[in-house]
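Worksheet: the structure to be examined is printed underneath.
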Amino acid sequence: MAKIPELKSHHIWAFCLILYLIPVVVPVGSPFQISEITLKIYNIIENLPEGSIIVMGGSGVFAFDYEPGAAMIASIKQMAKNKLRLVGIPLGMESLQLHKYVVDTAKVMQADGGPWKYGVDYVQLPFIPGGDAALVRLLTSVQSVVTVDANGTPLENLPLMKDFRSYKDITLWICPHWGYPSIVRYVTGERGVPSVMFAHAYSYTVYAPYMMIYPDKVWMTNGFLGGAQYEKLVGFKGLGHAAVDSYTLISVAYVFFVVLGNITLLTRVKKEEEEAEAKK
Amino acid sequence: MISATDSLVGQIVKKGLGFQLTLLIIMVILTYIAYYLGKRGRVWEIRPLEGLEAIYEGIGRCAEMGRPVMVIPGISGLGSAETLAGLSVLGEVTKRSTEIGVPTLATASSTETIMVIEAMTRNAYTAAGKPELYEPGKYVRWFGSDQFSYAVGAAGYILAEKPGMLIQVGYFIAEIPAVAEAGARVGAIQVGGTLSSMDLIAMFADYIFIGEEIFAAAAAITQDRIQIATLAGQDWIRLLTIGILVVGMTLMATGSKVIVDLLGM
Amino acid sequence: MSSSIIYVRTYLTRILLIIGCIATLTSWYFVSPHADIVANELYNWNVNIGTFSLFVGVVTLFSRYLKDISSRKEQWEYKFLGVVLIPIWVIMGQTAGVFSDLYQKAYFNTKITLHVAILGQLMFFMISGAYRTYRIRNFRTLLFASCTLIIVVCNASWLMTPFPIADKISYWLLNNPSMAGYRAMMITGAIGAVVMGIRILLGLERGALRATEAR
Amino acid sequence: MISTDPWVWLSALLTICSYTLLYGDNPLFRIAEQVFVSVAVAHSVVMGITTVNTRFGPLLTPAATPQLFITLILGLMSLFVVWRKYAWIASIPISIMIGVGTGLSMRAMMRTDLVGNLSTVIMETSRIFVGSPTDQLGYFIRVTFTLAGLVYLLFTVFIRGPVSKPVGYIRTFGKYVFLTYLGLQVGNDIIMFQGLVTSAVVRLFTTWLGI
């Protein structure tokens, strides 16, 4: 039996890069179904009373939070359609930029032709340092921690902030950030406010125990797949769809290379056995 | 009388938090007792750790193959407990491999960690009676303090030196695949352990330290009484939680929710 | 420095640490309006003090870079680029404002673009790594590789579409065996964190304060 | 059509620079990395100045409070952490932050991560015998895997006598519980990392080159 030679990493990478280009040139348009948990979150937001205040907040690194951003953008479109109100609370240094990115991309503000008016339907608070201590204090008194919005406008001049003083005014907390444990521990665990995380595929597996601890108050989507499902529910195609499209091919490549690696190992073992036999 | 006490406690301790507070107090007591015993000289035995045994065997195999060992204690500075655990492993590996003439190579991204590794290497050669073999910068390399400049440098270092064993124990995050893939390319035995990105380490490593095993490994290597006592104190608390679980599950099977109610969730 | 000053300093930091910790715990566990007032004040202090931590990085980086540039240390040219870029960026940021469209565009098209690209390319290492390491030599690799491959294929639409149950299998695996494994770690991690807190409180562990000890 | 937006060009070129890492270490990657590090640090400075203005602006108004002044001093003291000789000055504000952080972490970990999980495992026991067979198996796995994992993570406890063997088996099983979790997690990670590559590829080929 002939030994299959070991592939060089550069060849594997070049092959994968070509695979990535295929959906860009010829969109695969891979169909996928909606998971129960994504549908549940969609329905929760869908059934919130008009005017409910939703918080988008937490801390994380933008590049990682790019993944939850897919579902966040879709949910913002849904919120705007259902006349819900949103407050952005960035607790990480890059969170403010992520919040601006998702709101701008959702195109829900009046300047972009959407229904939301800044200060009335959406307010973006500035970055709040202090970590968990800031979050804990903010939950009992927003205005004691922050007095102006991200543009420097005093909060008393923003109609939405007149209705948002403490955790009691929050209907739902959505976290599109890595720092979800803090949200579960302090917002849901200590104050009982339901929370949703548009989770990274990585964080779904490690934060899943929180869903079991608070089964009626904590829900999570799963990574880009969850993002694509949310986009589909809301009715548009964004990064989630693009990621799922390329994943169709990459997942095949992944399995292919694992199988090939094992065949290579098998032929090597066989060859070694044959050589040992011949020596005898 | 009982109701009077109850109401008094109710006035002091917030509703539903009594058990959690009691558990916290028990944990304080157990932690202090373990510390006290450790300080007075009590030493606990630590169970065998697969990763540690693999490291000891691996050093021998490297000697047979004539290839060096490479140890990376993470990308954090000395403030991280994981890095300190990694340095303990590195210290022991350097000592053992130097004694049998196997070079131990190392790299890290933090400059303060690099300084400590360099000192450890020098001490190991002096202790082994071979100070003439030590040269600063010969065994320890630094490729920059940024996560990915370190990763690129470390991968290149691995491809150039072809270590027989690659040990990554310490604080690591997303850069693991870039370094460990190089280890796989040169066919090194890989041993790894970290807390935050263990899945990525596990993907590449032949032997792993699972979760807090890295601290157990550090305690076992250094035989530091206080570290071992901390480990023992945590074990008592772990046993207590297993006990609460077993009692709660047994009662739950008989239809009683008393433990769940007591937990106050 | 005289030993008595070091003594006073050490005790002062210990006392402040204990006050912070006890106030936070007391306000949560006990019915005490006084503890609530102290804790709330300390939370506000934390927010204000935390603001300054944003400058620590730049001070460290600049002092290191300037030293390397002046001694023409290896790769000093790249550091020079950094020393020039940082002030320009700060001026731009202060002029435009962090919530402006200009700042957002600049930030997104440099730092975020680069970060996403660098993290993304780890995918390539993961594929070539899987090719080499997922070789079934023993039960351990068999278990590990099969778990990975099951999730990889169950998340893919090419399997999910003809077999809708794939999605359910994927979630079942993540919500049961995977979740339970991590839960055990979460429980021991929580014990570790609480014990660490107790050790800090009892003065058995200096933790991050080690960084500020006089040398 | 190829983009004419200079920001898109910058973004595309930096993406290419960072992807040269796959070829090996090279000056283009070093430039990209330096831009990355510098912008990250500069961003923290911009955020810092903005936040100081917002938080300490009232000091220049009649609304200034003594507490605000104290925290300004403490904040400035915390900056001494970078000078080794005077790092002790920073220990005072840092001790307040560590104290509060430790207290918060202790109470939250105790409630959610420890007691919350214990309570959930116990509750799950009651669900092992109800519901569909898949659910029953799921709850059984949740409870047994958690217990086995906890037993595996005991390091200094040795059970001797007749039960030592069964405990040994549980411990070995615990190791495989963790391997199962880690294997499943890597599988789920793949979609995250590959999604990030997708966004880079889309940026290069759709946004920049207009394909």
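Every chain is named by a letter (A, B, C and D) in the order it is written, and numbering of its residues begins at 1.
By definition in this document, a residue touches a chain if its C-beta (ideal position, glycine included) is under 8 Å from a C-beta of that chain, and two chains touch if they have at least 3 such contacts.
Owing to the predicted nature of the structure, the values given are computational and were not obtained by experimental measurement.
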Other chains in touch with both chain A and chain C: B, D
Innermost chain, where centres are averages of C-alpha coordinates: D
Among all chain pairs, the one with the most C-beta contacts: C-D
Geometric centre distance via CA averages, chain D-chain B, whole Å: 18
Distance between the centres, which are taken as Cα means, of chain C and chain B, whole angstrom: 18
Computed distance of Cα centres, chain B from chain A, in Å: 30
Whole-Å gap separating chain C and chain D, where each centre is the average of the chain's CA atoms: 5
Multi-chain contact sites of chain A, meaning residues that touch two or more partners: 9, 13, 63, 66, 93, 96, 126-127, 129, 131, 133, 136, 152, 190, 202, 204-206, 209, 212-213, 222, 225, 247, 250-251, 254
Residues of chain C whose C-beta touches two or more other chains: 25, 28-29, 42-44, 46-51, 53-54, 75, 97-98, 107-108, 111, 115-116, 118-119, 122-126, 128, 130, 132, 144-145, 148-149, 152, 155, 174-175, 178-179, 182-183, 185-189, 191, 194, 198, 201, 208, 211
Of all residues in chain D, the ones touching two or more other chains: 21-22, 30, 33, 37, 43-44, 47, 50-51, 97, 100-101, 104-107, 109-111, 113-114, 116-121, 142-143, 146-147, 150, 152-153, 178-179, 181-186, 188-191, 194-199
Chain D to chain C touching residues, read off their complex: 7-8, 10-11, 14-15, 18-19, 21-22, 30-52, 55-56, 67-68, 70-72, 74-76, 78-79, 81-82, 84-85, 87-88, 90-107, 109-110, 113-114, 117-118, 121, 134, 137-139, 141-150, 152-153, 174, 176-191, 193-200, 203
Contacting residues of chain A [partner chain B, same complex]: 9, 202, 213
In the complex with chain A, residue positions of chain B that touch it: 181, 185, 199, 265
Footprint of chain A on chain D - complex, ascending: 22-23, 43-44, 47, 50-51, 54, 97, 100-101, 104-105, 108-109, 111-113, 116-117, 119-120, 124, 142, 181, 184-185, 188-192, 194-199, 201-202, 205-206, 211
Residue numbers on chain B that touch chain C, as the complex places them: 11-14, 17, 20-21, 24, 27-28, 31-32, 35, 78-79, 144-145, 148, 174-175, 177-178, 180-181, 184-185, 195, 202-204, 211-212, 226, 230, 233-234, 237-238, 241
